[in-house]
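Okay, got some structures for you below.
Two complexes follow with subunit A in common, the first pairing it with subunit B and the second with subunit C.
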Partner chain A sequence: MKDVIRKYGGPFSGMVAQLVQRITGLLLLVYLFLHVRTVYALREGPEAFDRAVATFSSPLFKLLEIALLGVVILHALNGLRITLIDLGAKHASQRRLFVWSLGAGALIFLAGAIPLFFSSVLRR
Partner chain B sequence: MAAIIWYLQRITGALLVLLLIAHFFVEHFISENLRRGDLTYAAIRARITNPVWQAIDIAFLLIALLHGLSGTRNVVMDYSRVGRRGARVVTAVLCAVGALWAWWGVAAFANLR
Partner chain C sequence: MSDYQIRIRRSQGTRIYKVALGERMSALDALFRIQAEHESALAFRCACRVGMCGTCAMSINGVPRLACKTRVSALDSRVVAIAPLANFPVIQDLVVSLEPFFEQWRRIKPALRGSGSDTLAIVPPDPVISRKRDCITCGICYAACGVKASHADFLGPAAINRAFLRIHDPRDAAHRDRLKILNDEWSGVWRCHTQFNCTAVCPKKIDLTETIGRLKRTMLAS
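Up next is the complex of A and B:
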């Protein structure tokens, strides 16, 4: 266990990152369930599908959509970071990798969240 | 076996990042009404009745299920103390859930009007 923690970062970053990875992963599975459920409404024709989508256009759901973007970015970038470490990223560069993925994640999140907020949340 | 599943989790994860970027681009940037967030049946139908897109979307779902349920198995195994037989039960249950879920997703595209 100790060398696993040492391998993935500092004394806490590895453990916290692993916990975050698991929680976000399970959340994304819940989202996938809702997503398939909505897409399934395509089968019932235009009215049923548009009704299903209308549920998700309230400002509350648009805010949740922004949160979803954050969850996806956390999970994807942390997953890529872990994969790069497994592929043999040097120990000295692991901390830099951690900082870079946090920075890149924050930028991608803002690039998506700001337009989403102004076009969707405030529009209605 | 465990090593193969472990590598598979990395490979499916990388694939999902690529598929997700494509999915985002197609669903949120390409057409004007989708960009505004007006996700209507008419806007979706044109793409979704194309068999190539159906194949891509179904592959996306299957890879996501493989990755998500395999990850769920890791979580369950780490926080529970089950023996070899218990592990097999967990795997069987998750496989059944995956099969049902996949069927559900594929059925969504069948007989579109």
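Up next is the complex of A and C:
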């Protein structure tokens, strides 16, 4: 385990960053599909739409909403990191950029997730 | 001297050897000791033993490295796992065939294709580019490349670096041909996902991902 952490936290951290980008990208695709499906329910009348909205108002979906925030932040900040590198940012700092994007992402996530948790999950 | 457990992925399966090694001894020394004391049939390659030829490239504790330049004590583990380089067909034990690597190398037309008297011109040194000339074609970047593992057609970092050097050589007259090969959607520079594995493991500290990034920007600009 120590070797795995040393390997993927060290020389292969860039590959981990790309894997994170892929996984979060796929999760966002799943979310997008669900979102489009819900909006599509408008065509079936207001009752169908209300039913879908009621499902998404459950505490489980509120927790998933918080997770979605984390996924969006990870994907956006890591994407920004890749864009900076593609534009010619100092390559030697790519690992530092990844760590910074994770740190900044965690702070933004907490700033959004804590109020969301209290207002939508605990209040129910 | 300290005792180490060396786990070698051989052709017949993983074998474990216990050897005593000094603080300054390399993974290559460990292999020679195993060959002398335990298993004379153990197959591995080496030549210069000073990190110049790239012949002893192999995977050590999951990271491709030169065995001669890897001090076992620096690995910070009493268990050392040695395996043949990934992304290459194994011939025997730790010996791999570099044919797929050189197949890609040939695709980018590695030799200088000058035009007439210009070929003899003296090129002024460029500090950014001269570092990239240090490639010893060890295949370590090729073995570490995550894209190469899933896309056999990908040129690989070393071949792209070589093409970059030729393209930036003012004497070269075939840069258009090379750019065309590098611009290929499936096997060219656009296949690179900027993982930095190649840069992280290169024993000559060549920033190969930066080379690929430069080529991408050159192509976009043209």
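Following the convention adopted for this analysis, the second predicted complex is superposed on the first by the 110 of 124 C-alpha atoms of A that agree within 3 Å, B and C clash if a C-alpha of one lies under 4 Å from a C-alpha of the other, contacts with A are read in each partner's own complex, and residues count from 1 in each chain.
By our rule, contacts are C-beta pairs under 8 Å (C-beta built on N, C-alpha and C of every residue); 3 or more make two chains touch, one makes a residue touch a chain.
Nothing here was measured: the structure is a model prediction, and the numbers come from that model.
When the two complexes are overlaid on their common chain A, residue A:L42 makes contact with subunit B while staying clear of subunit C.
When the shared chain is aligned, subunit B comes close enough to touch A:S119, but subunit C does not. Once the two complexes are laid over each other on the shared chain, residue contacts for A:M15 go to subunit C alone; subunit B is not touched. One of subunit B and subunit C touches more residues of subunit A, and that partner is B. Using the contact criterion defined above for the overlaid structures, shared-chain residue A:D86 touches subunit B and also reaches subunit C. The contact surfaces that subunit B and subunit C form on subunit A in the two complexes overlap at residues 82, 86.
Residues 10, 13-14, 16-17, 20, 36-37, 39-42, 44-45, 48, 61, 64-65, 68-69, 71-72, 74-75, 101, 104-105, 107-113 of subunit B touch subunit A in their complex. The part of subunit A that touches subunit B in the complex is made up of residues 22, 25-26, 28-29, 32-33, 36, 39-40, 42-43, 45-46, 49-50, 53, 57, 62, 72, 76, 79-80, 82-83, 86, 119-120, 123.
Residues 61-63, 77, 81, 144, 146, 193-197, 199-201, 207, 209-210, 213-214, 216-217 of subunit C touch subunit A in their complex.
Those residues of subunit A that touch subunit C in the shared complex are 2-4, 6-7, 10-15, 17-18, 82, 85-86, 88, 91-92, 94-95.
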